[in-house]
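Note that chain A is present in both complexes that follow, paired respectively with chain B and with chain C.
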Partner chain A sequence: MLAQTLASLVDGILLGFVYGLAAMGLSLIWGVMRVINLSHGAIMALGMFGTYLLFTHLGLNPYLAILLMAPASLLFGFLVYGVAVHRIINAPYLSSLLATFAVNMMVIGIGTAVFTTSLYNVDFSLGTVRAGVLALPGTRLTAALAALLITAALYLFLYRTRPGKAIRAVANNRAAAELMSIPSAQVLALSFGIGTMLAALAGGLITTFFPFTILSGSGYQSKSFVICVLGGLGNPLGALLGGLILGAMEGLIPIVLPVSWVPVVEFTLFVLILLIRPSGLLGART
Partner chain B sequence: MKRVLSVLTLLLMVALLASCARPTPTPTPPPPQPTEAPAETAPPTEAPTPTPVVKTVIIGFTASQTGKLNVESTRQINGLTLWMEQVNAAGGLKLADGTVVRFEARFYDDESNKDRVQELYTRLINEDKADFLISPYSSGLADAAAVIAEQYGKIMITTGAASDSTYKKGYTLVYQTYTPASRYLTGAFDLLAALDPTAKKVAIIHETDKFSTDVCTAAKAYGESKGYEIVLFEGYDSGTADFAPFINKIPAGTEAIMGGGHFADGSTFARQLYEKGVPVKFIALLVAPPEPKFAELGDAALGIVGPSQWEPQAKYNPEAAQAAGLEWYGPTVEEFVSAYKAKYNEDPSYHSAGGYAAGLILQKAIEAAGSLETEKVKAALDGMAIMTFYGDIQFDTSAEAHGLQIAHQMVYIQWQKDAAGNLVKQVVWPAEAKSAEALYPLSR
Partner chain C sequence: MKPWRQPGFWLPLLLVLVGGGVALVLRKDTLREMMFTLLMYVALASSLNILMGYTGYVNFGHIVFFGLGGYTGFYLISQHGWHLIPAALAGGLASALLAALLGLAVLRLRGAYFALATIGINEAARAFVNNFGPFGGPTGLFVNFAVYREYGGAPQALWLTYTLLVITTLIVVGLSYWIKNSRFGLGLLAIREDEDAAMVMGVRAPTAKTLAYVVSAFFPGIIGTLFFFKNGNVEPGDAFRLHMSIEVLVMIMLGGNGTILGPILGAAAYERLRGYLLTSPLFKSLHLAFAGLALLLIVLFIPAGFIGWLRRRFPFLRRWLE
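Coming up: the complex of A and B.
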């Protein structure tokens, strides 16, 4: 029983790192722009297929493929921002919700036409690390490590660089930031680009251990919402912590309950956090 | 203005009515007959032998030419069409009394829709005067068609339909070609018993949809009756991507894992079992392993066993039939595969083989009955015990499960490596069909 609990907990936490990374992009866009990005899951799926194509057709190492996808997804984020989001950034929530939903439908539609909804798989293995009762696939360990590094990099970027500080300033108070001559349109585009990039990177990391379809992103997207609420908006550490909590729950709940109860517990928590601590565990700001 | 509006409303209503009315279905023309086949009314040559009486038998069925079942149904119909062409090209089926029976197909598109199936089978019987029926593809559609066949007293051979329940409704004229779902995984226990009589601890982890749950519940009961200890019996939701919670639940000392569900979850499960290095000796999963795409898992696919209704590698042959004391009937596996490939330019799937086999069963029954009368053909079907390229065929004749397939076995494929190190599917069970020895135990 103890062995099972330990194995389940470690498995859940490893997965939690990637969940956290996926949620970070959503959290950033939500926190900075007040835009609920419904194309988040679809962009994760694009990240998955980008990695898959680079891996299977160019024979690239998946991690190298993920690295190459970072600038590409950043540019894609700019594009989506320019085309779909920029003009409605000041409109009511519903407009941006619909605009990003439209992007979601377009990506899914084109993806379905090209790849169908069948299952794809990146056949890549890093072996398994064994330690007592634990058997940890190398790909999951690497993904957790990568998620940790990306979080650290994002944290440094937001807190130690000028563009990062500009993003935080815009998130805090856009009007005041503009008065300080911070170019808010560019900062918003940058935030959306980074958010998109994080989604694509998380998607890429997931391909190294889970198979996927063009529709796979939506499950991670709804988990990301829970994580954002758990961890607080706009804070990368909060998102990571939220991811870890969710991952640990997903590992531990099935020990005592059927797995189908996991989403019930997750979304009950979602509602409870919204009621009790709406700013999230690490979200001091509102 | 008012008048314009009312005219517009009227026009709209007419248009609506017109779109509601279903177009009358037109029967799809039967496939072209080979020209070298003798014409039915060929004038007698100078030979003194009397002209044989030629009877044309109409085989009625529906095909899912549109809708979600299109791919599988098309393969099934391809198999059936090949059978019919071959019989007719050989001059038809000669009965003992000298009558020559030729077959003709009548079919409609059922749109993969149950309601259409019932409508169309009624039409096939009443208007097209079908003599015998073949089921549509899938358990649901075949079940809908079976009601009509029974009501109108027509014999129907079902294929592409594995559900047990159709045959437990008191029907007397419906006969099943596929191995029923309740026996999908039971052979995996037999295979395990043959490979290693000491292995007794089995974990069953399955998808929670109806099909997989039924199959695994039946397999559990069978395993327990054979003395196996089911150490874990857990269901997972369709669409599960993370199997770690289930894998962590597998108790130490478990020797075999069975279960699975459909392709997506089954292949994910197999992959994660491999990554986690779960130290079991034997893994058998539903549905996913026989799919060619399963090989994309690479080493994770190696050694995984899966049931299939039929595979081109299956080695059923006349010698095996003789050894089993059964009559061999129809083409050999090689003959079927090469004829199918020549006509359709692809390897036959089990759907195709099932379609051909349904025709073959009917042919054998008519031949054995020496008649086209329903009663006599039914008696021949009830007494049938043959081996074909598709495997053994015999039907349950009890009142409780009349028509249920009781002899045909799933073939169990296993992914193995060939001399060049490529993953290939081999049939490892049943013994009379196997193309290679099973890889056991798994090296994990």
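Coming up: the complex of A and C.
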């Protein structure tokens, strides 16, 4: 019993790292430009299929494929920002919700036409690592490690480089940042690009251990909302912690309740946290 | 000011009455099916407009009330043998009650936080119904064919359902005009412009918002019962599609947020456009992408919607297009 609990806890936490990575992009975009990016899930799905195509058709190692996808998804993020978000950045938030959802519809629409909604998977394995009672799939360990590295890189970028500091300045107060001659349009585009890139990377990592369809992104997107609220909306580093909490919950709840109750608990918790502490468990700061 | 002298009042009602009445007069089954979907979206969009258009609170969980009210009504019909009319009312009341409870809590949140919470409510409700034994869990509920005997056979039952839907739609549209021109509605519009200022001027914002939420939730409950009764079954996947919530939002935006005629025209236009895209061989697989493109263009270039644009462009039409 104890061994089983431990196993599902570790399993959930490893998954939690990847969840956290996915939510980080959402949280960053919210923190910097107060936009809830409803195209997040669709972009994750794009990341999944990007990895799949590079893996099956070019025979690349999936991790190399994910690495190659990073700059492409950054550019895609710039494109989405320029086309759909820039014009309405100061409009009521309904506009940005609908604009990003429109992007979501277009991506999913084209994706469905190309790939249909059938199940795909990346047939790739790194064996299993045994540690005492635990048997951990290598792909999950690698994904957790990769998520940790990317988070560290994001932290260094935000706190140690000039563009990163500009992003934090704009998140803190856009008007004041502009007065300090920070080009806010470029900074917003950059943040949106990074948010998109994080989503695509998380999508790519997920393909190494779960099968997926073009519609899979929406489930991860809903989880990302929960995580963002757990870790504090607009606090990208808190998102990693939120991801770990959610992952642990997903590991542990099935021991006491049937698996199908997990989302009930998750989303009830989500609404409750929004009500009691809307700034999240860690507080909102970028 | 007598409302029936105002073209802004009777024009939308006439539109619904004529649109819905044609099928009743001609008695064509295919026309009825088409108009059922159309009127359903008109009523859903108009009822959401009471909350979203007037108070400016974006609700992604409108379909929760459709689903939960529909489940309640359908449960009463299929398991307890209720007649359709009281069951539909019970579905509406269940939705309204839920909205009152939720509203007291959730409407304290503002702006995007409220929108996020409604997404959470939608997911939680779907997951809950998926697991809730009396509602049949993931397989849902079915109606026994014998139920139709009470209405004089299945065709009569379907026509009754349709007639009730037309009446419900008329009530929603009439009510949204009445609310918009009442003291209560002016308070809601003030909340949309600036909630703090409205409260300073004496609008009881929490009560007003909750009441608007309850009113906008009552009708989807009725419509849900009618829709699932017509279909003969109900299951969680159909009842709580976040997608449908957003489609209704798109319809309102298309026609004009906060107008009476807007949601009607928006729903009709979107529904017909989707029907066309789905059946045309060229766009069939890309219909979602085209709908997305249309939405993006509206949001970016005519955020006031079709009616809002007309009203701004041609001020003399304002008396006609409320």
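The rule is short, and it goes like this: the second predicted complex is superposed on the first by the 283 of 286 C-alpha atoms of A that agree within 3 Å, B and C clash if a C-alpha of one lies under 4 Å from a C-alpha of the other, contacts with A are read in each partner's own complex, and residues count from 1 in each chain.
The rule is simple: a residue touches a chain if its C-beta (ideal position, glycine included) is under 8 Å from a C-beta of that chain, and two chains touch if they have at least 3 such contacts.
Since the model is a prediction, treat every value here as computed from it, not as a measurement.
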When both partners are placed on the shared chain, which of chain B and chain C touches more of chain A: C
Which superposed partner A:F225 touches (first chain B, second chain C, both, neither): second
First, second, both or neither for A:P137, with chain B first and chain C second: first
Touching partner for A:R34 - first (chain B), second (chain C), both, neither: second
Touching partner for A:L60 - first (chain B), second (chain C), both, neither: neither
Chain B versus chain C as contact partner of A:P258, first or second or both or neither: both
Chain B versus chain C as contact partner of A:L79, first or second or both or neither: neither
First (chain B), second (chain C), both or neither touched by A:Y93: second
Touching partner for A:F210 - first (chain B), second (chain C), both, neither: first
Chain B and chain C footprints on chain A, overlapping residues: 258, 260
Of chain C, residues touching chain A in the complex: 52, 56, 58, 105-106, 108-109, 111-113, 115-117, 119-121, 123-124, 126-128, 130-131, 138, 242, 246, 249-250, 253, 257, 285-293, 295-296, 299-300, 303
Chain A to chain B touching residues, read off their complex: 4, 7-8, 11-12, 15, 118-119, 121, 123, 125, 128, 130, 135, 137, 139, 209-213, 216, 219, 250-251, 254-255, 258-260
Touch list for chain B against partner chain A, complex: 208, 234-237, 239-242, 244-246, 248-249, 263-264, 267-268, 271, 275-278, 293, 296-299
Residue ranges of chain A in contact with chain C within the complex: 30, 34, 36, 83-84, 87-88, 91-95, 97-99, 101-106, 108-110, 112-113, 218, 222, 225-226, 229, 233, 258, 260-264, 266-268, 270-271, 274-275, 278
